[in-house]
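Alright, structures below, take your time with them.
Two complexes come next, and they have one chain in common, subunit A, joined by subunit B in the first and subunit C in the second.
And now, the complex of A and B:
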């Protein structure tokens, strides 16, 4: 432990920490652009300058190791003056188009400009023009005019994702971010740099101009893309900003998915598949209960399923790896003792997808396989086990291997089938229920309901309760 | 005597006789009616009745906050850059904007695809005009065509809002289109 004074407050810092880290940890705010807790220290933005008693010049606090008895001032007049000067430098060629910038509202540059910037540009020279809306990858647009060259994105590809696909080229005023020319940018973690960018230079093509960020609110959820179960923020429209004329369906739409920091599971990152979680959830849904391919009410479908269950001699259940722990417990409680339980993997790695790496992505593309195996074992389904009824729970199911057995199917998404299930009950997606998944390491991650489920869609737990009663 | 209610009238004999008071009342309303009729027939000002909604009033103050208009650039395109400042500042949540991207126009990559104002909610405070950084929305003195049988008709769409040709150019003139890129990526 090292004791130092920041703004006349005695602060305890760890060995090897920097002044900025110690200050942030104790709730003292020092502005910073290029510093990020998970990246190396670049010290190039110079907005974090602080005054160290006994030293003639201001020091960048992100690159200043704590020493015992150090005295730091973070808001003296000369520090504020230095910050104002740095802001003038940084915004010298910044286009100042916050009105049409998607980052506005969560932009560091905007926040600091309100505090330290001039209301009008005092530069006499015209602003430097640089390329706008340059495709840095099919997913990301680069606006070089807005870039402040903090190099966070470059350090991210070097240190976290390891793809080394970005770099800063040219010198001085002409410096700009550039991708590797020899290959398209295919970093599976590339979308993290959009959130990492302290200004609006890197823009998500998917979220571009969809909504201003202050209309949205994040809900904590869990990515279902693989068995890592990363924490994500799912951004839905804030209740106060619900739309009426532009369409009610816009209020039930996920605008974007961003990582939620979770030190135990994913840190501050998720992979591109996680950023696309809302597209995965936005596929065509099953919304209507069916009996043998014809439309039925929920009660009819449930009583038919109950009849089939009562008539079956040796029923089997295929349990989804997308089910939450709570639903699995409900299933075990109600039907588990009556049926032979098999586990199934809903999704396999698709072609072109990264199967597994040593950062986040796991080979098993289902979130709760660990939970299913812990509760029911991992008996795989085989065709010739002679069951006359199969309760299939989960998506991406082909009925052909079920043979002549009757099929009760609980699913969320549509899938083309050769034959109809005897009873089909639509169930909610992860966005429409609360619960928890157990990831491959056995860590439980909880998710919260983002939207209400559509009217005829059922919660799987309720269905089991009614079937078992 | 205790009154039944606080402003119960105390009528004299003349009022209690009823018929004379009725005639007096008819004289008042009839006088106003024929006076109005005479003014209207002779095209004089000061008639108390107006033919709502057919009549377009001519005596709005020049700075009356009436219906909204979206100003246009010289090439006829909407000046709005879809920054949503008006929608954000609107205390009645009456404005909804759907944005679209156009990367070919370097000065205006963002533009409204749909810009709609709910006149069933609008309180005509003029905050949207104040908030607009581009002088893209203004209020003219004429009021919008309100009466309708369906409240969904009270949404003013972008076509309607742009249906305004000013006699002079809007205050903010954009730079003429020039080559926006100094250096181009390979």
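And now, the complex of A and C:
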């Protein structure tokens, strides 16, 4: 423990910490653009300058190691003057186009300009022109005029994703961010740089002009893309801003998915598959219970399923690795003892997808295999197991290998089949329920409901309760 | 001449730069002496005694720079900073072209003192003859067993690697020189850590200017005490001064420190062109503050005296400006240079240097407005002290000093849209 004084407040810092880290940990705000806790220190934005008693020059607090008895001032006149000067420099060539910028509302530069900047620029010169809305990948647009060259994204591709696909080219105030290869950026973690960017220079093509951010609110959820179970924020429209004129679709829509920092599991990053989680969840839904291919009510479907179960001599259940721990427990309690339980993996790696790496992505593309195995073992189902009824729970199922066995299917998404299931019951997606997954390391991650489920869609736990009763 | 000479001690002929000529002048005897009779620490002691101060511009005492390095570290690197890019400075070029062997010997002596196995010479990309002469000297030295394994049959081995820069002024700043040498874009590094602790490839590194290193053979031959006896008291020895601008005989002169500035301009360089009056002097390369003609009356060429007058000795590139020169135009030349050379890493320098250039460009184009000078002053104070490296300071010091000392000229230019003089820089 090292004691130092920041603004006359005694603060305890850890060995090896910087002044900025110690201050932030104690709730003392020092503005910073280029500093990020999970990236190396660049010290290039110079907004975090502080005064150290006994030193003639202001020092960047992000690169200033704490020493015992140090005295720091973050709001003396010269610090304020230096901050105002840096804000003048940063906004010198930054276009004043917050009105059409997606970042407005969550922009660090906007916040700092209000808090630390002078109201007006003292410059009379025209702003520099640079490439605008330039694709660095099919997913990301770059606006070089807005870029303040903090190099966060460059350091991200060097230090976290390891793709080295971005760099800063040219010199002086002509410097600009650029892909280092001629082909589009194909880093599987590329979308993280959109959130890392402290200004609106890197924009998500998917979210471009979809909504102003202050109409949205984030809900904490879990990515179902692989067995890492990264924490994510799912952005839905804030209820205050549900407008009838927008229509149901726009009010009930996931606008974007961004990482939710979770030190235990994913840190502050997720992979691009996670950023696309809303597309995965937005596939064509199964909304109607069916019996043998014809429309039925929920009650009819459930009683038919119950009848089939009662008649079966050797029933089997294929348990979904997308089921939450709570649903698994409900299944075990109600039906588990009456059936042979097999585990299944709903999804396998698709062609072109990163199968596994040493950053976040895991080979198992389902969130809760660990939970399933812990509760039911990992017996794999095979065609010749000789069951006369199969209860299939989960998506991406092909009935063909089931042979003549009766099929009761609980699914969330539509999938064309050679034959009809005997009973088909629509169930909710992860966005429509709360619960938890256990990731491959055995860490439990909770998710919260984002939307109410559509009318005829059932919660799997309720279905089992009614079937088991 | 009775004054001792470290550099100008031989006549330049077609082959005076070769090894045999250098040996004929007593070359490599200092190395022989050091390797056979001295311990590395003795070499360092001699340099400390000599009071030699870095010749690159900052004037840091060389002996104490060496003493900061942990010589027991498994790897220590020595880098010779030969990226001479400061406008008005051309002394290192003379050393390369006429006496590369003196530098090689200096590098080897420093390497011996600092326990260095691999030394680097980072030479400015635009230097052509210098580069070729250096390579030739190294080849000769290698063949003669002076560079490489077991030098002169002793246990000491040292290789010298020459790296040509890519033409960036900022790579003359020591930490960006290291970044560039490591193969990255030449961005300066934040300090701490200082290069003496974590420099090239994270190993302790000493970076010395060409002239500094080339002085060491003389110090070893004649002793640190003899060197300390030359020149001014706190800034000993002789130094190369490059005089350019409006003088009759521009060129490079070796003079002991403490030599009167007026004397070097009016006697050694034959006075001001066309018999004009002296208007101003930039005493130590373009980034040092300008001195008005009357301010140099009693200035002598050593660090203390020049600082007292309000400027810096810097690299010894003296730029002489005659009466009738437009200071606004002159300043534009300087700001354009710094705006072009700012590396773009940190905000104040990246934006500020270009901003100053735009404002001064506007003034020169006759579109200056009232308030431009205050604007420039605000920009310079926003840059100074707030940047990663010294380039920001170097860019803002001339602007601040030009405006302070020649404010009437700037105001006249803004008011009338044209220069007080005919606007040309040539005489």
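Basically, the second predicted complex is superposed on the first by the 466 of 469 C-alpha atoms of A that agree within 3 Å, B and C clash if a C-alpha of one lies under 4 Å from a C-alpha of the other, contacts with A are read in each partner's own complex, and residues count from 1 in each chain.
Throughout what follows, a residue touches a chain if its C-beta (ideal position, glycine included) is under 8 Å from a C-beta of that chain, and two chains touch if they have at least 3 such contacts.
The shown structure was predicted, so the numbers you read here are calculated from the model rather than taken from an experiment.
Touch counts on subunit A: comparing subunit C and subunit B, the chain ahead is C. Once the two complexes are laid over each other on the shared chain, residue contacts for A:60 go to subunit C alone; subunit B is not touched. Residue contacts after overlaying the shared chain place A:131 against subunit B, while subunit C stays out of touching range.
Contacts of A:174 after superposition on the shared chain: both subunit B and subunit C are touched. In the superposition on chain A, A:388 contacts neither subunit B nor subunit C. Contacts of A:243 after superposition on the shared chain: subunit B is touched, whereas subunit C is not.
Shared interface residues of subunit A, touching subunit B in one complex and subunit C in the other, are 174. Remark: subunit C residues 168, 185, 190, 192, 339-348, 350-355, 358-359, 362, 369, 375, 378, 381-383, 385-388 touch subunit A in the complex.
Residues 41, 43-47, 49, 56-58, 60, 63, 65, 81-82, 85-86, 88-90, 92-93, 122-125, 148-149, 167-168, 170-175 of subunit A touch subunit C in their complex. Listed in rising order, the residues of subunit A touching subunit B in the complex are 99-100, 128-134, 174, 178, 181, 208-210, 212, 214-215, 240-241, 243-246. Of all the residues in subunit B, the ones that touch subunit A in their complex are 81-85, 88, 93, 96, 98-101, 103, 106, 109-110, 114, 116, 118, 133-134, 155, 180-186.
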